[in-house]
Amino acid sequence: MEEPIRVGLIGAGQMGLWHARCLVHDIQQAELAAVADPDEDAARQAAALAQGARWARSHEAMLSDRSIQAVVIASPDGTHAGLIEEAAQAGKDIFCEKPLACDLAEADAALAAVASHGVKLQVGFQRRFDPAYKRAREVIAAGELGPVELAVATTRDPLEAGRPSAGKNAAMFIQTTIHDLDSLRFLTGLEVVQVYATASYFGEGSAEKDEVDTAAVVLRFQTGALATITNSWRTAYGYDVQVEVMGPRGKLQVGYERQTAVRHFSAQGVRHDHVYWYIDRFREAYRREMEHFIGCVARGATPEVGGADARAAQALAEAAARSLREGRPIDVPLPA
Amino acid sequence: MEEPIRVGLIGAGQMGLWHARCLVHDIQQAELAAVADPDEDAARQAAALAQGARWARSHEAMLSDRSIQAVVIASPDGTHAGLIEEAAQAGKDIFCEKPLACDLAEADAALAAVASHGVKLQVGFQRRFDPAYKRAREVIAAGELGPVELAVATTRDPLEAGRPSAGKNAAMFIQTTIHDLDSLRFLTGLEVVQVYATASYFGEGSAEKDEVDTAAVVLRFQTGALATITNSWRTAYGYDVQVEVMGPRGKLQVGYERQTAVRHFSAQGVRHDHVYWYIDRFREAYRREMEHFIGCVARGATPEVGGADARAAQALAEAAARSLREGRPIDVPLPA
Amino acid sequence: MEEPIRVGLIGAGQMGLWHARCLVHDIQQAELAAVADPDEDAARQAAALAQGARWARSHEAMLSDRSIQAVVIASPDGTHAGLIEEAAQAGKDIFCEKPLACDLAEADAALAAVASHGVKLQVGFQRRFDPAYKRAREVIAAGELGPVELAVATTRDPLEAGRPSAGKNAAMFIQTTIHDLDSLRFLTGLEVVQVYATASYFGEGSAEKDEVDTAAVVLRFQTGALATITNSWRTAYGYDVQVEVMGPRGKLQVGYERQTAVRHFSAQGVRHDHVYWYIDRFREAYRREMEHFIGCVARGATPEVGGADARAAQALAEAAARSLREGRPIDVPLPA
Amino acid sequence: MEEPIRVGLIGAGQMGLWHARCLVHDIQQAELAAVADPDEDAARQAAALAQGARWARSHEAMLSDRSIQAVVIASPDGTHAGLIEEAAQAGKDIFCEKPLACDLAEADAALAAVASHGVKLQVGFQRRFDPAYKRAREVIAAGELGPVELAVATTRDPLEAGRPSAGKNAAMFIQTTIHDLDSLRFLTGLEVVQVYATASYFGEGSAEKDEVDTAAVVLRFQTGALATITNSWRTAYGYDVQVEVMGPRGKLQVGYERQTAVRHFSAQGVRHDHVYWYIDRFREAYRREMEHFIGCVARGATPEVGGADARAAQALAEAAARSLREGRPIDVPLPA
């Protein structure tokens, strides 16, 4: 067996811990070498998954460890762009959770660092690695629907999941809508030229300035194709991710609801469960995206979901936030 | 408009009343002219559906009324064969609810009367007129599954529906299983050569002699194809009719569960309703079978589901009852 | 039996013919007395459904026939408002297909005539009579979802169905979106305060001025609840009507896809059919709305879906058209 | 971390290879130490999954290696019982694929060896570890259906999968039906007292003596509850495993059809894929059963699915084979 790729994990929260598990259990080519998280317990828990993995509260030692070839960034959103810059300067290949940054300026600075240091960057749009999204993309790209005309996307999270950074205006667009923005670009192969967004706050207490937890977005693509997106952080019934894409020859619907293959028939009707946790929905996708990243690092290849896609989705999320603030549709320039 | 066919209804219980409604509301070519039922209220209620319809406790006047061309028999099972004989002697065309008779000897006498008086006979195997069964039959007959190898059929009624004649050994096979026996013959186009049946009683109190409310049946067809049937009169969740037919190139599944197009997602999962009443499942089929009958009477044509099919299903139900009594598979001769 | 309500039908196209069938076959209390359509064949075909029904190219004789108590208007959209006025002046109770009118000014004139002549008016929002929509409304009104926060509605028609009046800007909003606008008001019990709409044209040839066949709409309700609507006149797969409504305690999804209860399993996967024709989806609803109308006429009661609801949906459709023209969200005053 | 359990794999075909993958990737507590298979390539391929794993054509070295604590037997069915005896004599804890043996006499000899050498035995009825079957069992055991009255089970394999040992009479019952026999015992918690089986051969060429590839079985449980099973090795559409269990208060249906969360709507209707490979259906169950086994070995606990359950299913499969031979239902004694 070849020498495994030694990987450092920055941020060992729920998502980071999951990436750690994939690296340790599913990807033989990878070795989890170090974990950094200001929360000592979290860092220790993730490091305990792998024999020999060290942990620390800061990521500095990890970045200066020349035996570590790649880092996985799963820290809070606000730290992504800065960490990308640091990691790029340290010569590490980078897998970074979405979003790339909190705004486009930050994103561009991070991408410039990636470019100038010649490191690889993959962004965590895991849906592109989900077998259903992948299959849908192939069917659409093969022209089986004809040119796309209409799409409807939904991403909704359980109320219980909580949303620490919900206080900021753009938070929902940058944390949640961004998945729909990226997957609509991925599925349709089209670029968005106009974004309209509106949103509301239904959470407890009064909303902080511009705080939202429910959003509706309309996109216009370069071809005149239209799409709607609805998002909520308040479902009672679980994690709800669906998309449908229509052209003159048909439509595709991607999504599933059931977690367990049991249905219960009684005098109250027919009942079955619903997927609750996002990792249950995208378990395979998380594994495959990390496998892809490690494979690219090992082979010196460029990851499929890199800076350009991340920047494009970021620009659309930012346009949505601006549309909400200004109460009008926002034109978006085509990506360079 | 042509002169309508004047029809007499014998038996105005739940099923008879429904046939009356179809005749009055859905079939312009028919006129409900008379209703007979020993239960005066039932007779009066059905007759009230049509202007000018008379009612009586006995069917005698109806049979001697020469303006009446056809009768619909929906009286208790035990009376079917005798009424067919009487109606045939009176020269009426006959639609008779299944079963044709309570045993084969009775059935043969009834069929002989039909033949010697040259009247038409259609038997109430309504599934043959259901759009889904019809479509399934076409697909199978076109060879899209290849030769049939295996089938699984289910007919189950709600506990609440009650089963007055459940006390007799053969009742379940003759009342309920007979629908599966007929529809398997219809769908596969094959004849059964062996029947094995077993059954149980789960109702309240102790079972009367040979009383059953739950049954499992295995059929072997002339080609070696196999089928299972399960029946119950004790569901909590509604009316459950499903069939699947498999060949080397695929399988068809016929049946549906939902009554109303609503699904309710909550913290308890996803819930929808279930078809409860047999008429909700086969509403269209009941309409079409009666339309077919009236059409045949009007055109002087032979109904599609006549004595030969009714006799074949009767013979299989009788073989099932005998298999249960004797505890062994029973060979069945091919229909003449 | 009481004397039946004598009804005149104005407009005997596809929808009018269906109403005629319901009146003749399903509603005993009604009698189709006259049919008017400039297309003689259409008028004659509808009149032939009922014994004694007269037909004419013009509706004038019908309106002056004092034995006729009610009219059903199913003529082209542009004629609705004027016919309502004429019928009101003639003292007839009126069932009018949606839309009420082509613009609000027309609608208001028609409603004024209805009010001043004291006749009844019901508008053809048949979804309110669909068992699934009705059930959903009850569940929501009972508070089982909590306060509504988000809704997603879809109405799409097959490309083949054609759209004769598609050339006008507002046509899609007034012909198709209006159903979603009304059913969202019906289901949520909320009023819309802002409408944003965008649309495209994908049909053959170049679009006429402002012609559209694909639309995306966002609604904001008085409570901050949001909804999206997508419409298309270009599906390959059939008639696609779905709605989902979400609150903090759950969501309801209303809609179904299958026409026939058959699924076909083969090496190519699992396949089933899709509802193609709008009447197949809403057959029961069309029957029930007409039954409701005739019942109101007979009892002297006010129909449930009258002028106020029709005007409210009209105002929203008009706001959508204006939003499309002006490229911005349009505020809508609450109904008086 | 504790010292891992060193495991030897005997038989590195499709199933053995999958067990090896689970041991290597999913179960940290286990270490794949050795692989034995007469097919050198197969043995080498499985051993290559784990660093340091040795391979051999024979299992003898493995059994005499005292550092190896447990073996996984996934060799051809005919070798199971003998290998269990050998492994028990060598003091190894044993995971053995179903069936335990080819007949009851062999099974009893193997179980006697297990008992006298005091080793642990788990048999590969993986469905018991599937989240859906587990959940269904809990619901039934909690009495939510009331006492079980009726069950319907299906296990069908794709034609393409091939069936090398299909030539023997009992092969289908012992290889395939046995899964349904075990899962019906597991789900209902009841014992079978009578078995009736019939079967056919539809494969190419003429059947060898008693060769079958299609079967229908009826079970009677001690309480009078009934069940049917249908099996086929000839599906075109994939791996088809379904079960439904009914009592007077409801029914449970366990099974799912879709592999990928994509549906394709077109003029040909709606199409989705079907699970094709048994490992795709039971991936999680295979992981969990092996985790359970290794956990039992590590903790010195007794596995949940041991010799008694394996013997009971074996006895039923054997009764089915005898029923087929003798053309009559066979009474089965209750397990000791």
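Letters A, B, C and D name the chains as they come in the text, with residue numbers starting at 1 for each one.
Methods note: contacts are C-beta pairs under 8 Å (C-beta built on N, C-alpha and C of every residue); 3 or more make two chains touch, one makes a residue touch a chain.
Because the structure is predicted, anything quoted here is derived from the model rather than measured.
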A-C versus A-B: which has more C-beta pairs touching? A-C
Quick check for the class: compute each chain's Cα centroid; which one is farthest from the centroid of chain A? B
Where chain A and chain B are represented by their mean Cα positions, the distance between them in whole Å: 57
Distance between chain centroids, defined by C-alpha means - chain A, chain C (Å): 41
Which positions in chain B are in touch with at least two other chains? 236-237, 249-251, 258, 265-267
Residue set of chain D touching chain B in the complex reads 147, 149-150, 152, 154, 156, 159, 194, 196, 198-202, 214-216, 218, 220, 224-228, 230, 232, 234-237, 240, 246, 248-251, 327-329
Over in the complex, which chain C residues touch chain B? Could you list them? 1, 25-26, 28, 51, 130-132, 135-136, 139, 144, 249-256, 258, 260-267
Within the complex, chain B is touched by chain A residues 236-238, 257-258, 265-274
